């Protein structure tokens, strides 16, 4: 071997040894048997960062399921049915007098065996916000005077009548997770406020968290989160146990990956926005959506076109109204969503019972907002927005050119497309407009600072018990000036005295006083219709696609028991019920081994399960005979986790390294021979 | 006149250059995101309703990420952290240390790119040499090679994905990162095979395109070499064309080895698109997501590792080149 | 005719190589020389002796490392203004070895001449006048203006082109023309004519050529005074006759090695062909390692310049220390 | 000019080019693509965002490239896309070539500190993948118009040209004819334009074509990553198709046609360079 | 005397886009055993083409006719495979710029090994042979384990000579082997050639050069080429003493020698330049430059006239009519 070949092969070998040793030293300590596929429900759509934070006190950072699967709320709320389901509570809240509410509890207990008592409720609702003033729901104390615990199963909340915020309190009833006082109290004593910075409270790793819910963390990797059913869950007696023994929650960042996994049956339950759902549902008939046809999904929130009402010409209500007439929302719905969402009404109240009752239909009819570009042009002409410099675009009455920019985050494909269409519509009526797609962070920054012309957003418009949550987010009257961060939804900085007082009054009106509320909302909506400070576009759907390859029992229009959502903090809207309804395909006994072969042509909607075993087998799943599936339940808490000796990692790395080096040596020998 | 430059000096000169490159690149990666937007906004955007909580969260994160400090202090802290191996916490993948993310991504990249580069380098150079040697074959090979070079990585990736995973279901369309994870946490042959299946298409996309570049480069180099003085002389000595072209090949390899380092740079970027299409969790994937999610910390980390990788590769290539080329090894240049 | 001169004072050029400039090649080593008008100076040296470097330094194309060049007591490298430099070039012109390389292949040869015509603003502005002038100049080097019309360099033979190069240098009527190997790329049958032109230039135009070359007999033929260079130093200087009977061992070696048409080499003499490393220079005589007459002092100390009447020699053999 | 053309036609270059079939095929392809970009928008009755009413229709006589997910005509999108992508590419290539040739010439001719700085910058740009910086800057650029993007790409891809020009000029600089030119009393600027530039002009032309090819590749990649100039560029069409699941949905025509046009264009540019190099450089000529 | 090589109406043209360049146009020449024949001529006269075409007639070079009988084999129509066998073992060539002709990336030993394997010869024998040669040539033995770049130009030149004479070829063609060397090295290399011949390491040598003075030192015979044709051939001493062809005469007159200074004697070169070989003039190609040219010379190509049995001249002046 001559010198240079030696040098070459040594260098290449070195390169590989480096990479191989990197391979060998790769982190992660332990290994856990992969849960059997047919006992696992694979979910995606709500995990956007590595599952490391399980602190229910910082819900924006907490991994999905922290509230719902681990820590539970007093009630579930099913928006599409406007139905309350007592969860830890045993009954609906009962008004004892006008300032006190009584809630009875079920016989529930924490995973460590301690019961969930009224003290835990008091701790959650009263003690915690008091001790941690910077807690996100600390403002509850502005109207919650005290919480009494007459006995272990009874809680009485006492309010200040004048400052009482009814919708918020009801909202908290199904969103605040009840926390174990016996675990949290000592920690707070010790660390105080710093509890907010702890990713996991009361344990060293997520597997050891003490919660009360039906699933506990099984293990986590950087992009996958496994839950295992808590077989000693208190709710077994009331609700039965959920179907899947395991939940595998995966982090996926792109639509195309989600589609690919869904159609291969690698994803059972998807809360992604997925394009081409009509096509997919036609082609792969194991795909389930809530509705079989349009609109396929339940509405979940409102996509709103925000306008910077401090910037000409958007500070002119006439101009804003003209925009409404100019925008062809149906075109967005048809082209972008293929009809999978519904058009929003001009005030944006979602079509759920709790909200619809406060929609002033007559007012909306009277104003008669609709897509009408002629009308838009007429309004613009009347208001003096005509082309003054002859460039073909409309200008301000004072001659300044108008050049609007619609921003949506880059990568949010449906909104990007919608923004393009909106710009297109505006151009059609002579308004120069351009869709622009900054990075998400830049978008968010501009949005919170109010430094934009037009943008689409939906963050705080989620379905709830009362439209107040929506209006409060949208119209937050104390939003700081443009340029300062406003963390509410009043991105356009629309200030209106009437609205401020109306929002105030609505919050002080009991939910039962429907007539008064109707009147108040009507007044509020009148202002909105007159001023048009924002344009509700369409109802963003509760994206949900599921496959029936492993699991059945999904909520559909035929059996609409809940909203099948798994996004963080939304399990109470129906996700938990879905888990309870799920039945394994194996249990139903249809087949022991099935093959998924998507029907290639849309004309043969043959049921594919059990499918004919054709040549094209994308996925063959044998029902495993692994010990776990045959031994019904290791009823005692978590399955034993066997830490894999570190050497196994290294061994594997070395094997890979040897293979690679072998290939390289082969190549070198081949090369030497030349 | 032969210019003399020692091997040590050659290496020293390269090291100085690489240090400049490193500082420039990392500083650019640090500066650019600072000028635009507050990365905290992205976290708050996840919060949903509640003005009170958001304000609290915002101030909390401003402090946690050190964004409330003056810029120069942040810059100094960044370098201090860097030398302690601390690259900060990702904003996009909230809570995860950037060093962990990029380290893992680096390993994924090495698994994908090192074999891809080496394979394409060998095959490409071989094809190029053949094209240069046999003129009849050249007619067919030349356009093919240039068409391959002209193909964007992502387009070939899409063609492969469409052909091999949608039309003929031979390979999975995307990487399921869980399989990769499992490969490391819980290795087994089925996982390994599943991984290899998922790895094949991204690998092929990278190999085929960059192969075209190598081959076309090798072809022109070989044609030059086959016309050079020593080739002439060897022909005059009646040596076989096989031997002559093997010498020409050796000569032509030197610039190709230098090209290896530069090619790595383009491949990293080409890999962004490929990783994006196949959902492969390499550095390109994280870099891209860091960009579109305005995650300065992850961005810095990813760029840092990419630059380090490119520099390391360039350096290895420089050494290799020096080792292979006696002109440098013996300190004579030009 | 006024006497002009170019004086080289301790002229040195060192090429630094490597990262820190550690490797040094001394191309020209403390050369002191006076070039006087009215004579043809021949500079003789092998490749690598620094003769081209010296020419380029005189022509202000390469900056000396140290030492000075004076033209009529004006420091040539001290000139800063473009007009002064032009003035210098008006007086000192140059010709290079390869005539094809001396002309831009993309420009017509006459263009280059017209460029040079701008030294003479009175004539240059008038096209017919400048054509007349050019015709005259070209005639003096044996060319016709019409032959060159619209010609590119590659369309002319080497001999013709070198004549054009001389004509170009002659345009401003310089005092000196520094010609670096003017005939080495020209065919043997026409070389002598080119050299004759230089002789004519001196005799008819009063231009003083400095002819740098490696050819022993050509140097003898053309020079009024001869300088022999070795490794950047002048080893011998004198009238051409020194070449017939050299004093310095190096010149002797050259004389023995040179092939001449009228004699065959003697079989007795075996030239020492030990090569030298351009970067290594000892303390002593630069020729010491090859010198058959080497004495211990040659390695230790640099030899002085000894005047031998008809020539000056840098050698210990003649020093009376 | 006419005289020049005549001379050109008589020259070897023309004789060799006439015989080179590859050159003509490639030229035809480039012209065809350019014509498609210029005339195309007038050939289709659809705009790039005109709904056709047919969703995901395969190629047919009505829609030669089919329609996409949104029901837009892919042919219309493509021809508008060519316009944008090609304009950015040409602009970038012009900038890269001008900057590269200028810097290379000044650095090579002037030497000294300028040369050192240019050389260092070139080496830095060769070591860091410039497209990485482009990606970064493009991502944070407020407005990515054709000019901005062209500038960005052009200003970050001149290093190859500059390096080649610099070394060529450095060798020209010590050449005798530049020395002759100096002796003729020509100024620095005059030498640069009369003596140096004509000798690197043919290289500059080749360099421009190569730059155009690689700039197109860069443009397309940036567009594909969503950092392009306009929503209708070729790369953006392909990106949109990926984002909207064209591959699993089987809408191959959505990305294949724009893609194949890109490849044909860039490959033709590269192959033309090969043909021209063979013409300019006898050593590469293969009978 | 046995003839090693006999050229008969040998023609080699270059194919260019403008037509054929008739570089070698009907050459008759014989090389006898054990003789050194000098082939001189101006640049572009076809002498290198003639030399190269014997070994490696590669496009764009094309043998257009005639015979080249080399040891009973006609080199003009020999298949490539057969030619490869002859090359190096029987017919060797030292190319122009030989000092750049070694592959620098390999040690000389590795290069030798590759040659041995390729030629199917025992490696050790080749090493031995090479050591013998470098010993003869006067290079140290260590050269074999060095890279070519570690050697000086002269050493590389001699390594090439060693390689070319490795298998004791019957004919060695040396194409301008000394033009890039120092005077002293040049002498050594030139003498080497005659020593190689004297020691029977090579048979005959064709020594191609433009320098009549160096060919004078070693050759036995001299062939003068002008514009693709051999115009004069004969015993070296005779030709130099008494050149017959006007071209040879002019050439020899134009070469100065030591002792001739312009002040004593003005030499004169040949006027004009050689014709283009693309469209050579009819008749004698030297006619346009010939002082003795007659009408006939411009119309008809002169025949090759044989004088004294083997001395030839191609000129109308010597025809008997």
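Which chain is which? They are A, B, C, D and E, in the order written, and residues in each are numbered from 1.
Going forward, a residue touches a chain if its C-beta (ideal position, glycine included) is under 8 Å from a C-beta of that chain, and two chains touch if they have at least 3 such contacts.
None of these values were measured; they are calculated from a predicted model.
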Exercise. Which one chain sits nearest the middle, judging by mean Cα positions?
Worked result: B
Exercise. Which pair wins on C-beta contacts, B-E or B-D?
Worked result: B-D
For this session: Let me have the rounded angstrom distance from the C-alpha centre of chain C over to the C-alpha centre of chain D, please.
Result: 49
Seminar exercise, completed: Rounded to the nearest Å, the gap separating the Cα centres of chain A and chain B is 35
For this session: Report, in whole Å, the distance between the mean C-alpha point of chain B and the mean C-alpha point of chain C.
Result: 55
For this session: Would you mind pulling out the distance in Å between where the CA atoms of chain A average out and where those of chain E do?
Result: 89
Seminar exercise, completed: Residue numbers in chain B touching two or more further chains are 36, 173, 276-277, 291-292, 324, 326
Seminar exercise, completed: By the touch definition above, chain E meets two or more other chains at residues 105
Seminar exercise, completed: Two or more other chains are touched by the chain A residues 4, 254, 256, 260, 410-411, 438-439, 442
Exercise. Inside the complex, what are the residues of chain D that reach chain C?
Worked result: 175-177, 179-187, 194-195, 198-199
Seminar exercise, completed: chain C residues touching chain E in their complex are 46-48, 157-160, 187-196, 199, 214, 216-218, 220-223, 240, 243-244, 253-262, 264-265, 271-273, 275
Seminar exercise, completed: chain C contacts chain D in the complex at 56, 59-61, 82, 86, 89-90, 93-94, 96-98, 101-107, 112, 115-116, 118-119, 165, 168-169
Exercise. Which residues of chain D touch chain A in the complex?
Worked result: 49, 51, 55-56, 69-71, 139-140, 142-143, 226, 231, 240, 242-245, 247-249
For this session: Sort out for me which residues of chain D touch chain B in the complex.
Result: 22, 120, 123-124, 126-129, 131-133, 135-137, 139-140, 213, 217, 220-221, 224-226, 235, 238, 242, 247-248, 250, 252, 255-256, 259, 262-263, 265-267, 269-271, 274, 277, 283-284, 286
